[in-house]
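Two complexes, one shared chain (subunit A), two partners (subunit B, subunit C).
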Partner chain A sequence: MEVTFGALRDQIQKPWDRLAARARWMRRAKLAAMYGFLIAVSAPVLLPYFWMVTVAFSSKTGTVDTLILWRAMAILLPFVFGCWIWSTIGTTARQMFFGFAAITAVAVAAFVILVLPDLHLGNFIFIGERNFGDIVRETRTGSKKGEVSGGIDFPSVWLAFANSLYLAGGQTIIVAVIASLAGYYLSRFEFAGRAAMLRSLLVLHAFPVLTLIVPLFLIMNFVGLLDQLLGVMLVLVGFELPFAIFIMKGFFDAVPWEIEMSALTDGASRRQTFVRVVLPQVTNGLIAISVFSFIRGWEEYIFVFTFLIDNVNWTMSLYMFFVRDDILGIDFGLVSAVGVFYLAPSLVLYLVAQKYLAQMTIGGVKG
Partner chain B sequence: MIWIKENDVAAVTENDLDVRRRLRSATWRQRTNLFIFLGPAIVLIFLLYVVPVIVDIFISFTDMGRSLAINEFTTKQYEKVFAGDKRLPQVIGLTFVYVFGTLAVFNVTFGLVLAILTTAIPKTSGIFFRGVWLLPRMSPSVLYIFLWIWVIDPSEFGLLNQILTNLFGVVKPVDLMTNAPVMLIIFSNGFIGASMGMIIFTSAIRSIPEHLFHAARVDGAGGLAIVRHVTLPALRWPISFITIYQTLSLTVSFEYILLLTKGGPFFDTTVYALYIYGRAFENGQYAYGAALALFLIVIGVALALLGWKFFDMKKLLQVPRIEVQ
Partner chain C sequence: MARIEFDRIRKTWGDVVAVDALTLTIDDGEFVSLLGPSGCGKSTTLLMLAGIYAPTEGNLRFDGQVVNDVEARDRNVGIVFQSYALYPHMSVRENILFPLRFKKVAESEARRRVEEVAKLVHVDELMGRRPGQLSGGQQQRVALARALVKEPQLLLLDEPLSNLDATLRMTMRAEIKALQAKLGVTTILVTHDQIEATTMADRIVCMRAGRIEQVGTPDDLYLRPTSLFVAGFIGAPPINLLPGEAADGKLVINGFALTCEGSVAGDVTLGIRPESVYFADAGIRATVDQIEPMGRETLYRVNCPLGSITVLEGGSTFHRRIGDVAMLRFDLGDTLVFDRRTERLVKGAGAQLSD
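Right after this comes the complex of A and B.
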């Protein structure tokens, strides 16, 4: 009975504290290990993109100037790391703001002093100059125009840009219109063969068009759509359509019946209801499938490469491909610059529309 | 009195006619609705899926070559598939190695690891890492492969060789293109494939009720035990879903391989789908390409049919509630 309450508490408390401290350390160690692993596997993915952007804006001699890359890395890595550390330390919004502002200010200052003087836009020569191939060949290797055979006759980059825009944009519009019409009908109308049609669409949405490239090529040839952007556009539409119809059906399924019922009781026809009442409810879905189709059309390579021959029909993917083919051994900076020019639109579009893309679900996948 | 009655009759017949007219116009509108809403989709799908399959079967029984002319109908393409083509066994073997290698290492396993880890760390960091892994999927294929070609460039300017010489002191530049081409195509496809699994698995993990994790913790489970006994059982459906769909897409796609190695060196990275492409468009053997493609089409349909298992058909085929046209 001599044991006081305080001594008893000490007896329990001390090992308890030790245990708690150990558990806290274990937790931190585990978290650090997870971060370490994720950084280690993600760095190889991010590094080439970062280097491409840096080279595009900094390369002067055509080869990769390593010094500027290391300098840029030496600024970027501590910056990201600092922001990250601060985001775990800072507690109030005020602290966060000033912390990030300070880190950013230091990084920007370092950037202005160490990197900015070496940046230039010379590698983007292809934007205004069609004969950039001859020019860089002359400056880099000293060979005169016409001296090297096999140089490719490039169209203006803006022509390729416009072609890509036409291909991706046209395909997007067709897919969006047809998929919302079909998605609505499949979601809201009962008709003979509806179940069969939904089932076969489900097969088609997984079925790869790429296996049909040989017959598609022959059909395009027979109907005279070979070497025309319209032909590729139609193929891409077929590619995207089953998937887009399913996505749109999912969005239409989520629209409450009551909205439609009340429109119908007020005397609207089904068609009016569709255009005026239901369609505005699924704008998120329309944006999602449009962005998705556009990015797909923008990056399309195989069908473009196989079906288009004449260089006035080149899209950005072919332009990039042939620039890489022709110039890669001669001027790294120029190829990187074309890469940045090509990547930027789809990346921006993706970042802007990310929240819409995240809403896409194919209705009714089992959990 | 009579004329009133007559008038009544007239009214009835008129009413009757009206109903009939309205009924007729309802079926008429039903037809036109079907035509307007579903017509374009049906026509396009018919033209771009059904017609090519028929054309493919037709061509595969001819001798169409580079000139695109048909001289005779023959089964020699199929004889060649089953007996004559010495290259084919090697191509099919490689396809298995490539598809299941990529699937096992990246699309399923690594996708799962990414999903589990990015949901275990704080939310913002998780979004960041997932964003990084989505980058290859969002980049145009030509650009993505340009980066690969640069990274593995066998000269000392290649990114990989720069890192190896500067950080690890390797003296001789490595040439992956000639030394490990199969590994190269598995990695370049896997970096893209992993993100699909990552997204699907992440949303599946998110939908596991929080209290299961708490209950497991209270019962004394560690992190790995929770993954083993709570997370993985909940991912059974998504994992089989990803396995089927990614098997299909890996089997038929050859875009990255065509851009990166062109199937070489020699035939070392020529998978089945790329072999078809090469036969048809490089050698001009359209009929033989069509015959080879038919097998791929059959595999595609079979795997796609297997995909039915993953859909809740009852919900998908839910009958609409409005009968008005």
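Right after this comes the complex of A and C.
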């Protein structure tokens, strides 16, 4: 029988240039849709932050003036929209660059003319002034200095900052040390109950931590850790560990056994092998769990609110809470400024560690 | 340098027997290959030598001393893995230097030795690079340098050439062999590739399912295999194995009777290497089914009364076409007869065409 391979192929001769044009158009349309979607979903997340920052730097005590906020919005929205449109129109790298440069230049110019002159640092009064509550109240009511008092007794914001740093940093160090050791052991050694332990690590993470708040309060009271930062730190470590161990185990799984065997035959002890050969392979994982632990500690609110009482133990979240409690009705600019101050460190940390966090999915969560 | 003795070594993982009744002596300076299919226990054996695993039973001796419980780091064994297992966060120099960090070697002396061994394996130009920036062949050389820098008494090579391309593999084969001869270090090569084993090693230990099947020179294994397994495993293209029945000086295969020599009876398998079958003016009538020109020689798959067999003919040109009819012969001395029940060679037995 003769095989007529090619007969069908010859029938479907294509108009290549029309197909190419359609493919190009489709690519752009898809790109535009994708960017549009990303902008749409990130707007509700990012806009409040934008407002917070703008209010923190523009609002004045005693006035409810949102003009600057609207001006800033009037610059931001066309800027984002312009970038979105241009990203689908521009084709060459050169076009992209000049297009974005032009749009950015216009936005910056508008910002300098319309917004910049009205920005000020007055709302950051709390940074150097413990008694800021009374001061803004005086400004608001127009009373003389020393006449108004009775607000909350605030500690220095730097004390709260240091407490937060201690809580988050200490927690991070403990979690990183335990999780890397436990993750290594789970990854490399066979022992009774290993599979059950791995499963329970995930289950542990599924429980809402708030349900434990009463028993934890009692335990804290019994062991004398109530109203101590160390107590909250240990509670947080307990809740953070399962996930961190699981992540670290995934990273250790990706380190080949042969490397360890090599190190052992090269004369290293098990401990030396772990420290000098295995750990350097999982630094990305270590950075990832450290950043998450730190930010978890930095944002911690429920436990510090429940277990810490004395204001020398306040963390930034408690400080923020009481500022809102005391001042919000009087000066939302100041509350926003505290928010910016509270947000800045974790934002910086995220930006610095970004590329390591993204690798967490690669390092892999695998059984 | 060391003389290695395995004394009835057995290694089990729960119910699974990885290595059993392994008794073998490897002389000082010898180059021995452990050859076998995957799962035959050769890698386990290697890791027992390195000190990563301890034998379940039996004794492992270096120079007459039992080392069963001596830790890996105290054995001074150099090992090169298939994946090379270089330390990715260290430069080539640091990689080679690493083993010396755990020995009492002065820093300047260590540096000098690193340079020396790097020159020996031709990686002295790459010292500042990271393993990730090297090609497979270069990584392999660095791994070799790292294994040699501590002047090991035993060098272990675990499938060291499997990840290289064909040309490089040939170069490295020759280089490793020359290096071993020059340094005189006792070397054990683990491989599933018979070419690697036969080209490099002085002696080959063929393993199967945790046991030694045959020990011998490359020649021994190729020409005088003692079992069906070794005969089938060694040689590419593989040996023709033709099952038949022997009785009264006749060997009947597929209804075709050959004259049989030696004390042969019952179910047997006749083994003939492809190059031992040749085209002649008279013999068994065969039809050419397939032709594979391989350059130096041509492999024919032919159909004959014995069944489908392969014939290797020397010479770069081939004269036959698919469908051609030709006559085949082979000689008594080139045939091997195996007892199919015990899978062992029947010594002194052979078969030839009846005249």
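Here, the second predicted complex is superposed on the first by the 292 of 367 C-alpha atoms of A that agree within 3 Å, B and C clash if a C-alpha of one lies under 4 Å from a C-alpha of the other, contacts with A are read in each partner's own complex, and residues count from 1 in each chain.
We take it that a residue touches a chain if its C-beta (ideal position, glycine included) is under 8 Å from a C-beta of that chain, and two chains touch if they have at least 3 such contacts.
The model shown is predicted, which means the values in this text are computed figures rather than measured ones.
In the overlay built on the shared chain, the residue A:Q272 is in contact with subunit C alone; subunit B does not reach it. Within the superposed three-chain model, A:P280 lies in touch with subunit C and out of touch with subunit B [touch as defined at top]. When the two complexes are overlaid on their common chain A, residue A:M261 makes contact with subunit B and with subunit C alike. Contacts of A:W51 after superposition on the shared chain: subunit B is touched, whereas subunit C is not.
By the document's definition of touching, neither partner reaches A:V312: not subunit B, not subunit C.
Of the two partner chains placed around the shared chain by superposition, subunit B is the only one that A:L343 touches, whereas subunit C remains out of contact.
Using the contact criterion defined above for the overlaid structures, shared-chain residue A:F191 touches subunit B, although it does not reach subunit C.
Of the two partners subunit B and subunit C, it is B that touches the larger number of subunit A residues. By the touch criterion defined above, A:F321 lies against subunit B but remains apart from subunit C after alignment on the C-alpha atoms of chain A. In the superposition on chain A, contact is made by A:V335 with subunit B only, not with subunit C.
Comparing the two complexes, residues 261, 264, 269 of subunit A contact subunit B in one case and subunit C in the other. Here subunit C touches subunit A in the complex through residues 47, 50-52, 71-79, 81-83, 85-89, 98-99, 101-103, 146, 150, going by the rule given at the top. Per the touch definition, subunit B reaches subunit A in the complex via residues 29-30, 33-34, 36-38, 40-41, 44-45, 47-49, 51-53, 55-56, 59, 64, 68, 114, 117-118, 120-122, 124-125, 129, 132-133, 135-136, 138-143, 146-151, 157, 159, 162, 166, 191, 204, 207, 223, 237, 241, 245, 248-249, 252-255, 258-259, 273, 276-277, 280-281, 286, 289-290, 293, 296-297, 300-301, 303-305, 307-308, 310-313, 315-325. Residues 256, 258-259, 261-269, 272, 277, 280-281 of subunit A touch subunit C in their complex. By the touch criterion given at the top, residues 30-31, 34-35, 37-38, 42, 45-49, 51-52, 63-64, 66, 84, 87-88, 177-179, 181-182, 184-191, 194-195, 197-199, 202-204, 206-219, 221, 234-235, 237-239, 241-242, 245, 253, 257, 260-261, 264, 269-271, 295, 298-299, 301-302, 306, 316-317, 320-321, 324, 328, 332, 335, 339, 342-343, 346-347, 350, 362-367 of subunit A touch subunit B in their complex.
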